[in-house]
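What follows is a pair of complexes built around subunit A, which joins subunit B in one and subunit C in the other.
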Partner chain A sequence: MKIEISDYNGTKVFGISGDIDMNSSPELRRELLDLVVRKVPVLLVDFKGVSYIDSSGIATFVEGLKGMMPYGGRLKFFGIPQGIREIFSFSKLDRVFEIYPSIEDAFNR
Partner chain B sequence: MTKDTTVITVPSHPKYLCVVREVSAKFAKVNGLDEAAVEEIRLAIDEACSNVIKYAYRGDTDKKIIVRFRMKRNGLEVIIEDNGIKADPGVIRGRDMDEVRPGGLGVHLIRRAFDVFEFDERKEKGNRIRLFRELRR
Partner chain C sequence: MGLRTHYGDREILKSISVTIPRGKTTVILGGSGCGKSTFLKHIIGLLKPTSGSILIDGKDITGMKEAELNEVRKRMGVLFQGAALLNSMTLADNVALPIREHTGLNESTIQIMVRMKLDLVGLSGFEGFYPSQLSGGMKKRAGLARAMALDPEFLFFDEPSAGLDPVTAAGLDELILRLRNVFRMTIVVVTHELPSVFMIADYVIMLDAGEVIFSGSLDDLRASGNPRIQMFLERKPEQESYSPDDYFRIIAGE
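For the complex of A and B:
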């Protein structure tokens, strides 16, 4: 897994590629919670390059979202491949996370 | 070795989970399971092995996990063995799916892929998990 943090019109973008599993999710957690403690107002997560996610990866994002909620932060996902979208849907977390088709949609809403 | 059987032994380090996933997916694929089934099986076996590392071995990366795949006439059987701390099957349950909290999803993902998810009580030391997916489902 690789994480690249970039900027889109002043908003932080978390670009993830590769497999998110029990081996890589601790690194994801570190990077994500580092932004959460700094109270980043909006975080866009680019899933286009994610080839796999397991329950530890999902749990990491739930933890991130829970950390952002108290200060009104927003965690927005975009570019989620179909197979990974199905896991969010199966776990009913597609109702909890903000999921958008593209970075423009995620940024504008 | 029985026909249509594959056995792998991997160290209990999370970096080897990708090896387990790869073999799981390939085994299901060469035995004719469709793409959706292959994905479910790959994820479920990864979750089961992650649980072995987390709970049976408490994060000890120097132990081993044995995964046996067997294609039977009526379905796919996977046996996962460890020599770690014995699990109490009675307390293994996933979170309420309407509850939003980290954790507790893995068991649901295992049950989604497999019709049978059971512990072999005859194993004295460690755990032997049997997963079985019927072909007609």
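For the complex of A and C:
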């Protein structure tokens, strides 16, 4: 897994590629919680390059969202491949996370 | 390939050669004592065969040392007949055990994973319960949550419907189907429950007296002209294998 942090019109973007699994989730958690601690108001997560996510990856995002909620932070996903979308849907988390088709949609809403 | 095994002098598996397809649900079918549970125990590396090989991704697990075999086992989840939960631990700790044992994940991540797994099997809110406080069906589902703790590529079920009422058994079958569809898991189910077979199987391997008498699709199974298969599918009892005279000699000890 690779994480690239960039900026889109002043909003932080997490570009993730590769597998988010039990080996890589701890790194994702470190990067994510680092931003949560700094109370980043909106975080856009680009899933286009994600080939696989397991339950540890999903749990890590749940933890991130849980940390953002008290200060009104928003965690927005976009570019989720169909297979990964099904996993979110199966876990009923497609109704918990904000999921958008593109970075523009995620940024504007 | 060419799998043979014995319990003492008795040959249980007689040179079995089959392929289990990836990403599908394979049902290993057969009557009581045909060797299907023994076959499963070999696939998951719990038993060593007398001869033959078991290839996973081209690697023979029968000759592997314990450490190497443990790496393979991490990719497997197994739901045993009795669920095999640890009675001294809560359900949450039972499910968390393999995650704590085999990963370096943070405890807060593990707790979320545990709640996700228990919810997946309809046991949300039972985290603090002990196995003795659960019904048979709930124990099975808790066992499944633990089997899925490490998001295995291969999920094995030994008689998942045994001891369950038809509604609970159908619910478990439904879950098996969803797991295959969403996670593309390779699922192997040992059973003799025909309703389950027709609901979940993509591929069927049928054993009879330690031999493979069929492997193929459900349609091919139904169309098979093999009398043993037809007897099984039509639930016909076996014919007496010996005459009254033979029977007398057996019980008279002659």
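The rule is simple: the second predicted complex is superposed on the first by the 109 of 109 C-alpha atoms of A that agree within 3 Å, B and C clash if a C-alpha of one lies under 4 Å from a C-alpha of the other, contacts with A are read in each partner's own complex, and residues count from 1 in each chain.
What we mean here is this: contacts are C-beta pairs under 8 Å (C-beta built on N, C-alpha and C of every residue); 3 or more make two chains touch, one makes a residue touch a chain.
Quantities reported herein were computed from a predicted structural model and do not represent experimental measurements.
**Q** Mind checking the superposed model to see whether subunit B and subunit C fit together on subunit A or clash?
**A** When both complexes are placed onto subunit A, subunit B and subunit C end up clashing with one another.
**Q** Would you check which partner chain A:D19 touches, where first means subunit B only, second means subunit C only, and both and neither mean what they say?
**A** In the superposition, A:D19 touches subunit B alone.
**Q** Of the partners subunit B and subunit C, which touch A:V62 in the superposed model: first, second, both, neither?
**A** Touch partners of A:V62: subunit B and subunit C.
**Q** For A:V96, using the defined touch cut-off, is the partner it touches subunit B, subunit C, both, or neither? Pick first, second, both or neither.
**A** first
**Q** Quick check for you: in the superposed arrangement, does A:S51 touch first (subunit B), second (subunit C), both or neither?
**A** Once the two structures are laid over each other on A, A:S51 reaches no partner at all.
**Q** Is A:I87 touching the first partner subunit B, the second partner subunit C, both, or neither of them?
**A** So A:I87 meets both subunit B and subunit C here.
**Q** For A:S6, select first, second, both or neither according to whether it touches subunit B, subunit C, the two together, or no partner.
**A** Neither partner.
**Q** Subunit B clashes with which stretch of subunit C: 93-101, 219-227 or 237-245?
**A** 93-101
**Q** Based on the A-chain superposition described above, do subunit B and subunit C contact any of the same residues on subunit A, and if so which?
**A** Common to the two interfaces on subunit A: residues 21-22, 54-56, 58-60, 62-63, 83, 87, 90-92.
**Q** Can you list the residues on subunit C that touch subunit A in the complex?
**A** It comes out as residues 99, 103-106, 108-110, 112-113, 116-117, 119-120, 150-151, 178, 181-184.
**Q** What residues of subunit A sit close enough to touch subunit B in their complex?
**A** Those in contact with subunit B are residues 19, 21-23, 52, 54-56, 58-60, 62-63, 66, 83, 87, 90-93, 96.
**Q** Touching subunit C in the complex: which residues of subunit A?
**A** 21-22, 25-26, 29, 54-56, 58-60, 62-63, 83, 86-87, 90-92
**Q** Subunit A touches which residues of subunit B in the complex?
**A** 13-15, 17-18, 21, 39, 43, 46-47, 50, 53-54, 97-98, 100-103, 105-106, 108-109, 112
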